[in-house]
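The letters A, B, C, D, E and F name the chains in turn, as written, and every chain counts its residues from 1.
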Amino acid sequence: MSQFSHFDDAGASRMVNVGAKPATRRVARASGIVRMLPTTLAAICQGPGAKGDVREVARLAGIMAAKRTSDLIPLCHPLALDSVEIQLTPAGDDGLWIESQVEITAKTGVEMEALTAVTVAALTVYDMCKSMDRGMVIERVQLEAKSGGASGEFARPAAGEVGA
Amino acid sequence: MSQFSHFDDAGASRMVNVGAKPATRRVARASGIVRMLPTTLAAICQGPGAKGDVREVARLAGIMAAKRTSDLIPLCHPLALDSVEIQLTPAGDDGLWIESQVEITAKTGVEMEALTAVTVAALTVYDMCKSMDRGMVIERVQLEAKSGGASGEFARPAAGEVGA
Amino acid sequence: MSQFSHFDDAGASRMVNVGAKPATRRVARASGIVRMLPTTLAAICQGPGAKGDVREVARLAGIMAAKRTSDLIPLCHPLALDSVEIQLTPAGDDGLWIESQVEITAKTGVEMEALTAVTVAALTVYDMCKSMDRGMVIERVQLEAKSGGASGEFARPAAGEVGA
Amino acid sequence: MSQFSHFDDAGASRMVNVGAKPATRRVARASGIVRMLPTTLAAICQGPGAKGDVREVARLAGIMAAKRTSDLIPLCHPLALDSVEIQLTPAGDDGLWIESQVEITAKTGVEMEALTAVTVAALTVYDMCKSMDRGMVIERVQLEAKSGGASGEFARPAAGEVGA
Amino acid sequence: MSQFSHFDDAGASRMVNVGAKPATRRVARASGIVRMLPTTLAAICQGPGAKGDVREVARLAGIMAAKRTSDLIPLCHPLALDSVEIQLTPAGDDGLWIESQVEITAKTGVEMEALTAVTVAALTVYDMCKSMDRGMVIERVQLEAKSGGASGEFARPAAGEVGA
Amino acid sequence: MSQFSHFDDAGASRMVNVGAKPATRRVARASGIVRMLPTTLAAICQGPGAKGDVREVARLAGIMAAKRTSDLIPLCHPLALDSVEIQLTPAGDDGLWIESQVEITAKTGVEMEALTAVTVAALTVYDMCKSMDRGMVIERVQLEAKSGGASGEFARPAAGEVGA
């Protein structure tokens, strides 16, 4: 048998059949960091009333992308998400930390939606800032936790402080 | 004036006006790494005739996503790409290195298309392997080089061997 | 607290969490008018057997757009609609009145779907007729009624005859 | 012959053949107004540092929709837009005036893109504010001006002050 | 009354109202054949380790298209599919036989999703092979069976061997 | 070297690089037939003033799908089409013959766009009529002719009368 649930015994890709699974409450959280020049981070994080809010543009892009995850990831199931939230907070003087949380009651989980939200938000930060800092790097995009479903809970072990 | 080309002087987002720019040849290369368990990498990289090709699924997802970059990144221009190529190669015993190259003759560059190709390919690797390795991490997504356009050449300085 | 349900306390946009809401029967009706030259309206409303049916093209565009509302409106939830109907009827000698009705059993309402159906149908009327009447105006796009959900019933007070 | 360029002589819809047209510089401007309660407008237009920026969400939605016009309007040509700008300004104490400008060098015009930008921005304002003011109305969505192409210039005659 | 469920009594198209239907288990199977030169079929069906897997590309395209059926077919309901599987097997020495199976628990069936999966997979086979065999023909795309829903079971009568 | 232009020497899929090709005038024509019960065909082909026009719905679906070909076929280039036309005419007493013609000036051809237009129009005919005739079959979907580009002209040899 294939080790990969997305391949059948002959190695053909397939959308895994979730028809027999019960719909349960599922939550997934993911995160990632965009590393940049301190001057870029300072420009993004100007106080209230600043001219232009990079984080809001990135947040909206991430939310919209989460809704379209099944259009992007070939074998993901289409899902009617209940909730998507994204936060972007400074991490040290050269990092913008992006966290997402996605919720649903469904037969399958929303890990990919949470990860897609983070990566598209990160790409949008890159796009908004690239004219001043083309060397930005997207780092450490990972699932933080998930709950619900037959595979049970997942929580990433702490790995030291973000931005350290 | 706003420091961000995507905001006007009042801080309102806009699609930058490229109407007066000449269409020139533009190439962008990007890369990223998916870190995983060595057993996951071994399962992905089985020899010819293996049952299921994770890398081909990821490659197709990345190519298709590159074509839809302007649907995902709010202020990107829609572009009729001439070429998209994606390679996925092992990096050490626990990394899958993803590289993309995108080409076009247009008034604006294809950095975001190259980065989108890499990230969606990486997300697809995650999706295909997550049932065996939920702790995978997407690392070091970055622009490697670009050419063409008024902002000229960009080449990332070498940073040691990938996978080191 | 923010006055806007789509912003959190820090002013960050979010998709409102409907996870705890029950799925209930919801109906929304919306309407709008396209004002045009009487000759344009006459050309649209030719009798049976006419060469080309502007209203059918607009109706299909509106139905298809209603299905894609969550792709267009950033913070709308993706929804699997049960029904979409659109009617286009003459209002006086210079107006085409567009009404939509959308139904679903879901955790959130379909007001935006009904309004999107009307506006995209109206835009399509404009597109089909613009070569003969570039001055057409889309007027009075509004929610007529909604039922279902915690916010209860809404019915717009009558405002005189349409087309008056 | 059909009076409608989008129908052939038998009344069948078609995408008009622009193959023989030269690519020329084209600009289109459109506008519309969202009528609302004065308290709603006041909540939207809070000063710098306000918690949440409705206008920025609407602006991004309108820009993204302009890029997808040919997905929404059945017989529109797909176009690689050079520029999209959207402004939202108060009109009196109960109106939010939305203006768009779209530019391209192409064989066909961008009137529909400009009108789509306005209407989707208006729908997004409705979505963001509907929990406090379900009676909002989208009014007077119209083409303001266009230039370029065989049909020449169009400029709407002034009609008194907006918001009056 | 219209003979067509997708038209109302006035002949206006509509999305059929399925609001009153119960959600039941539904399965649909469809198939089709791509006729081609024997040398083309031989190139596609090389053994394990071959350079490039046309069938895997077609399979992924078909699965992704099934998920987007309601974007393509104007009056189809949007559906959250539980499962999509596609098989491509040689039929004689000049045919590639494509079969799909789609499953869901919903108020409406998935015949169109199964047929869309087959046709887009077939189109992708054409695209991958057209540089060597432009004369390929897509034949006999048909529903094989469906179950679930008020209209009950459907099974196509056997019609002799495929590829005969 | 791979026999397939869409695979590189290692068998990895890629979007073929058309960057060095000149943009030339390209036209493609495709066709297909939907076989059905004579009563179904009669219902579709009622005279002027009939209640509901199946062919118009199918035509619009085909035109819209042609515009989205690069979203559906993984390795197709995104293209800004100049023209799409689709005709549906009775073939004998049990066939509906669908023909498309697509035109563009571009670096690559529009065969896939013409074939996608035909197949999605055919699927839409199936969808509109399936409640009365589930056994309909889509037959003989093929490229009729193409011109323009390095691979030159293609014209399918006549094969007897359609519908025979």
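Assume contacts are C-beta pairs under 8 Å (C-beta built on N, C-alpha and C of every residue); 3 or more make two chains touch, one makes a residue touch a chain.
Protein names from UniProt, one per chain: A, B, C, D, E, F = Cyclic pyranopterin monophosphate synthase.
None of the values given here were measured: they were computed from a predicted structure.
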### Task
Using the touch definition from the top, list the chains contacting both subunit A and subunit F.
B, C, D, E
### Task
Moving only from a chain to one it touches, give the least number of moves from subunit A to subunit D.
1
### Task
Would you mind naming the chains that touch subunit B and likewise touch subunit D?
A, F
### Message
Taking only the C-alpha atoms, how many degrees of rotation bring subunit B onto subunit C, rounded to the nearest 5?
### Response
180
### Summary
Comparing B-E with B-F, the busier interface by C-beta pairs is B-F
### Message
I'd like to verify one number: the distance from the centre of subunit C to the centre of subunit F, where each centre is the average of its C-alpha atoms, in whole angstrom.
### Response
32
### Task
List the centre-to-centre spacing of subunit A and subunit B in whole Å, with centres computed as mean CA coordinates.
16
### Query
Of all the residues in subunit A, which ones touch at least 2 other chains?
12-13, 53, 56-57, 60, 64, 68, 71, 74-75, 78-80
### Each pair of chains that touches, named by its two labels
A-B, A-C, A-D, A-E, B-D, B-E, B-F, C-D, C-E, C-F, D-F, E-F
### Query
Quick one: in the complex, what on subunit A touches subunit E?
8, 12-19, 70-71, 74-75, 77-80, 106-107
### Query
Which subunit C residues qualify as touching subunit F in the complex?
47-49, 53, 56-57, 60, 64
### Of all residues in subunit C, those that touch subunit D in their complex
2-7, 9-13, 32, 43, 50-54, 57, 60-61, 64-65, 68, 71-76, 111-112, 115-116, 119-120, 122-124, 126-132, 134-143, 146, 151, 154, 156
### Message
Quick check: in the complex, which residue numbers of subunit B touch subunit F?
### Response
25, 55-56, 59-60, 63-64, 67-68, 78-87, 103-105
